[in-house]
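Since the structure comes first, as structure tokens, the remarks are kept for the end.
Naming follows writing order (A, B, C and D), and every chain is counted from residue 1.
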Amino acid sequence: MTTTRQITYREALSEAMAQEMRRDPSVFVYGIDVADHKRIFGSSNGLVEEFGDQRCFSTPLSEDAMTGFGLGAALTGMRPVHVHMRVDFMLLAMNQIVNMLSSHYYGSGGTTPVPMVIRAVVGRGWGQSFQHNKTLHSWLAHIPGLKVVTPSTPRDAKGMLVSAIRDDNPVIFIEHRWFYDAVGEVPEGDGAEPLNGCRVLRPGKDITIVATSWMTVEALQAADVLARRGITAEVIDARTIAPFDVSEVVTSVQKSGHCIVVDNDWVHCGFGAEVAAQVYDHCYGSLKSPVTRLGFVPAPCPCTRPLENAFYTGATEIIRCVEEKLGLDQSDLSGENFFSYENKFKGPF
Amino acid sequence: MSAQALNRDLYRTVYLIRRAEEAIKENYLDDEMKTPMHMSMGAEAIAAGVCQALDRHDPVLGTYRSHGLYLAKTGESDRFFAEMYGRDTGMAQGKAGSMHLSAPEEGLIGTSAIVASNIPVALGAAFSHKQRNTGRVTAVFFGDGAIDEGVFWESLNSASLMKLPVLFVCEDNGYAVHIPAEQRHGYSDIAEVVSRFDCGVHRSESTDAEVIYTLTRDALADMSATGRPQFLHLKYYRYLEHVGVFEDFKAGYRPRDAFEPWLERDPVKVQREKVVGLLGEEAVAALEAEIDQQVAKSLEFAKQSPFPARSAVVEDVLA
Amino acid sequence: MTTTRQITYREALSEAMAQEMRRDPSVFVYGIDVADHKRIFGSSNGLVEEFGDQRCFSTPLSEDAMTGFGLGAALTGMRPVHVHMRVDFMLLAMNQIVNMLSSHYYGSGGTTPVPMVIRAVVGRGWGQSFQHNKTLHSWLAHIPGLKVVTPSTPRDAKGMLVSAIRDDNPVIFIEHRWFYDAVGEVPEGDGAEPLNGCRVLRPGKDITIVATSWMTVEALQAADVLARRGITAEVIDARTIAPFDVSEVVTSVQKSGHCIVVDNDWVHCGFGAEVAAQVYDHCYGSLKSPVTRLGFVPAPCPCTRPLENAFYTGATEIIRCVEEKLGLDQSDLSGENFFSYENKFKGPF
Amino acid sequence: MSAQALNRDLYRTVYLIRRAEEAIKENYLDDEMKTPMHMSMGAEAIAAGVCQALDRHDPVLGTYRSHGLYLAKTGESDRFFAEMYGRDTGMAQGKAGSMHLSAPEEGLIGTSAIVASNIPVALGAAFSHKQRNTGRVTAVFFGDGAIDEGVFWESLNSASLMKLPVLFVCEDNGYAVHIPAEQRHGYSDIAEVVSRFDCGVHRSESTDAEVIYTLTRDALADMSATGRPQFLHLKYYRYLEHVGVFEDFKAGYRPRDAFEPWLERDPVKVQREKVVGLLGEEAVAALEAEIDQQVAKSLEFAKQSPFPARSAVVEDVLA
């Protein structure tokens, strides 16, 4: 029997890396600021101490070269984990990721796989603004040859990172900064979680809410509020953006007849469109309303709080959407204490 | 320009920058400036000296650490503080915050939170002015971390090749976040490397704004004589943590000892002593009072200003 | 009355640039190999001769810096046109495009627009393979603040390039290499075409085919074949991927009840999903079959011809799809002479 | 190794490369090799000399212009030609074609059609071997165009900083497609610039494979003595057009005159003369006959081989 305990998402990440580094000497972790005293918001704590500065190290500010570096290491027997403090910085590495990593295995006639993980953190809040808030999971999912995951619980953070490190393909591992303090049950042992399929976070029968990344938290909060009115929403964490398996969503929508996709990203040409298209394809006859897509408003992310709040979607918008779909009056949400930046981080950045 | 006037101007600038950042420190814990603060305390002489040497409307570009650059370039603080407070009266209606200050009408084209990303932008601005024979020089400010990035080298190469009137201003505090230059640079002296390009090189460790001013004038003279871009390698000490308003010696990545000699020659102190010598204590105190008042008024203005309307979130996405 | 004449897509591109460069001294054209004797497959012919090497020039191989260069020029009164011989090379410029160009106007509080055009050519055929065949229009369309167009006729090549140059926003202008020899009617004068809306290339009532870029040619060929069986397909060129206006598609699908989206790109998280989701939303009641998405197979593009042929979708697949939707027998296509690389380019690359 | 054996090996390689590319020229117009051909005629001494100096299994990486590198590294031509013909028996089942040759079991990790993109990949391979103390050196071949790209500089910096056993091999033909170095480089001498990094620098304009071999040995000795990466700056003349199998002097961007002196010291001719001196005409003719036959057989093998099954298009996307 596996014992579990409550740990944070942050701890789950370090634990996954430490566990795999212990198991396999070819695993190493690197990136800008990875080995400084802050350790990427604490998510690589303990690694330098245990494994030394050859297996966990900070690099020059050279995202492009350092991604190619990982590829070269991966092609010669190592299992690199490259870390970006913000998804936005990964834009400097797009040539390596898309032109090189994604196609190397194919282009080598299946001789040389690329066992590399790229962890990238999504920023949000405290005026991070438009150069520190991108998510880009739909971009990378669009490219064959890459796996893309967006774990939303400590359990998945650990288990999917373990599996990502063991996987022989390039895996883009996208973490939302706000999850880092989240606490949850995580198995003590191996804990590997498959890199495919969604996860039903909360069962329900009246409506299906498919969410990615931080939007799972918003969806769960919305579901809580709705539950008090007797509405049960099934909340599904999409979790694996590529390769994406829609079957759990389909099962749920066939039961509920309603579907909302809440993506932690912009809507146009995003992952939400993919989910919507697939749900429509599979549930055509059983849908009682069109699939609704929610996400960021179509703008760069602004700095100032009132606009930042307007930019992001959340529990309130989800509740309103459900009410509309089910033909319910708008409930009074003034007493609700939804998630906000201040709930998570106290004081200045 | 007389030594008096020059040094008075320089003091006005370094003092304004210092005072404004002190005001940020004093008010930041109220949690009303909801924007990540990258403070420039210790670097005042650079923004002041370089901008003084440039023509007022010469284009400049900077980074997320550009409070000093904005204030040196514009001299104003109302729109500055309003932006910090995220208000509609900020220079970008609060959409930009501390990391994206701009003042295009004064030449501050933009500042970016992506390391090194404005370096090539400077080349385009320089090209554009060169094409139109405006005689303008474009200056771009960046840290020692930025020279790790490939785009710095691409830009250095292209500016040298195209003989663009670009002034590269490397504000070298020896660290990128917490990683020292020795752990990032595969050479011992960046100025040595750069000098092998078709680019002038000038360096200083001075905290004296006038020295920086003179060095910049020399560089600009070199540029107009040779048509070559110029690279200023300027060392300084970052007083506070990478981001935030506190000291961070406890973190252990850099010793407080190293700070002391820099603090002795603090840029504001150095410049103050000089202007006191030139103009007398009284005149200096009056100037300081004037600036103190400007900052106090701006803070008030900012706090009283309204937030932008919610609808602004989708405005100005496309022109 | 505007006179038109038949010119090639390639000529249309040069003509648009020359016309705008004549009209506005702030326009210039630059990029790797732009001014060599081949002139980007002839698409910038005549510019150096007429405007000199300060307004049309080749650059060092520095896509990242040269994109920032364009931004700087655009912010200070110029209207740069930056050219990439392959879309794939633009991956090196993603940081500038996404972190800088797309948000500058917004981040400057609406003070400083970015009138810049980025032309990028899609490669295909003769074993170009996986680093020379990407299209990426869905990627860029996903980012607010960018316009993205994929003109498919000489008329649109000219007219949309004229408008792109005049536009105050960054416009990503994606050209398929195979169009360059295509001949069509192009007005002699100004010829500006709006940067929005689709274009109905062929009217029809039995089925709606929405196509992008080269897929418009395949769709038109399919429509020809279908017409001989009495099936009229309405072929719509999506043309403006962002901002995308679905209304013409909706009108058509409401009439036909069937919709195929043929995207010149991979399917997962692509523009096809966006179109499908929007069509479903608007035509829910009137659809007689699910929206079908066609595109590249989910793999990097292989070199060898048989696999390259398998990789791309085309007229045959479209016809089969229509037949299936309408419940028709498969027609004999053995006599058809569909488009192939050899029809376009004779001899080696 | 005796001078005889060494020079015989070198001649085998340069002759094989030349013969294989001549076979491509002879057959390309049949339109059966449906892949863009970037020919290396004129550069044979570089691939031959450098690979000879490396250990057989040392990792190497290259560009779209890597026929020579593949043949120097593997000595085989069956899978080579089969790949050109897009056949299932090609080293990548025809998925790669001319621009993406690889032979991981022989150390040729990969070749890329994106300029400069394999340079950082070499660093990772070098790191990986350094960690495991294999003593292997990783060599990466690239053109003079690649040094325009930022990633070259990032890689040079990081390799110098991390003291990685990387051999940077710059095959400088003075052009990137049709644009000469003077129109792309903001410095007069790349070796001068690179020498300011913590990196050894060696240069040559020789077409003598033995000279390149010796230079490479020197560089490797420097590397093992100092732990520093090494940069070889090697000039050569590209005989044919950028892509395709023809000469292109008519295009006018480079004069035929410049070609003549290079042709006089053609690498195959130079090496042939030397081995004839060492081994006699007869032995050389026998070696040539052997290679001619190898190439003829490989061509036949390729043409006879089946294409991959259509289903292969979606195979090996994920491991």
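By our rule, a contact is a pair of C-beta atoms (placed from the backbone, for glycine too) under 8 Å apart; a residue touches a chain by one contact, two chains touch by 3 or more.
Worth saying up front: this structure is predicted, and the values here are computed from it rather than measured.
Chains making contact with chain B as well as with chain C: A, D. Note on chain placement: the centre of chain B and the centre of chain D lie 47 Å apart, centres being C-alpha means. Put simply, the C-alpha centre of chain A and that of chain B have 36 angstrom between them. In whole angstrom, the spacing between the mean C-alpha positions of chain A and chain D is 42.
Among the residues of chain D, those in touch with two or more other chains are 90, 93, 95-96, 100, 112, 114, 148-151, 154, 157-158, 161, 183-185, 317.
Counting partners per residue, chain C has 59-60, 62, 64-65, 88, 92, 95, 99, 106-107, 129-131, 144-145, 298-300, 302 as the residues that reach two or more other chains. Chain contact topology: the protein chains form a complete graph, every chain touching every other one. By the touch rule above, chain A contacts chain B in their complex via residues 32-33, 36-38, 58-65, 88-89, 92, 126-132, 297-300, 302-307, 310-311, 342, 347-349.
Those residues of chain C whose C-beta lies close enough to touch chain A in the complex are 64, 88, 91-92, 94-95, 98-99, 102-103, 106-107, 129-131, 134, 138-139, 141-145, 241-242, 244, 265-266, 268-274, 276-277, 280-281, 284, 287, 290-291, 293, 298-300, 302.
Interface residues of chain C, counted against chain B in their complex, comprise 28, 54, 59-60, 62, 64-78, 80, 95-96, 99-100, 104-115, 144-145, 147, 168-169, 243.
Chain B meets chain A in the complex at residues 28-29, 31, 33-37, 86-87, 90, 93-100, 112-116, 145-146, 148-150, 176-179, 183-185, 243-245, 251-253, 307-308, 310, 312-314, 317.
By the touch criterion stated above, chain B contacts chain C in their complex at residues 59, 61, 90-93, 95-96, 100, 102, 104-105, 109-110, 112, 114, 117-129, 131-132, 138, 150-151, 154-155, 157-158, 161, 315-319.
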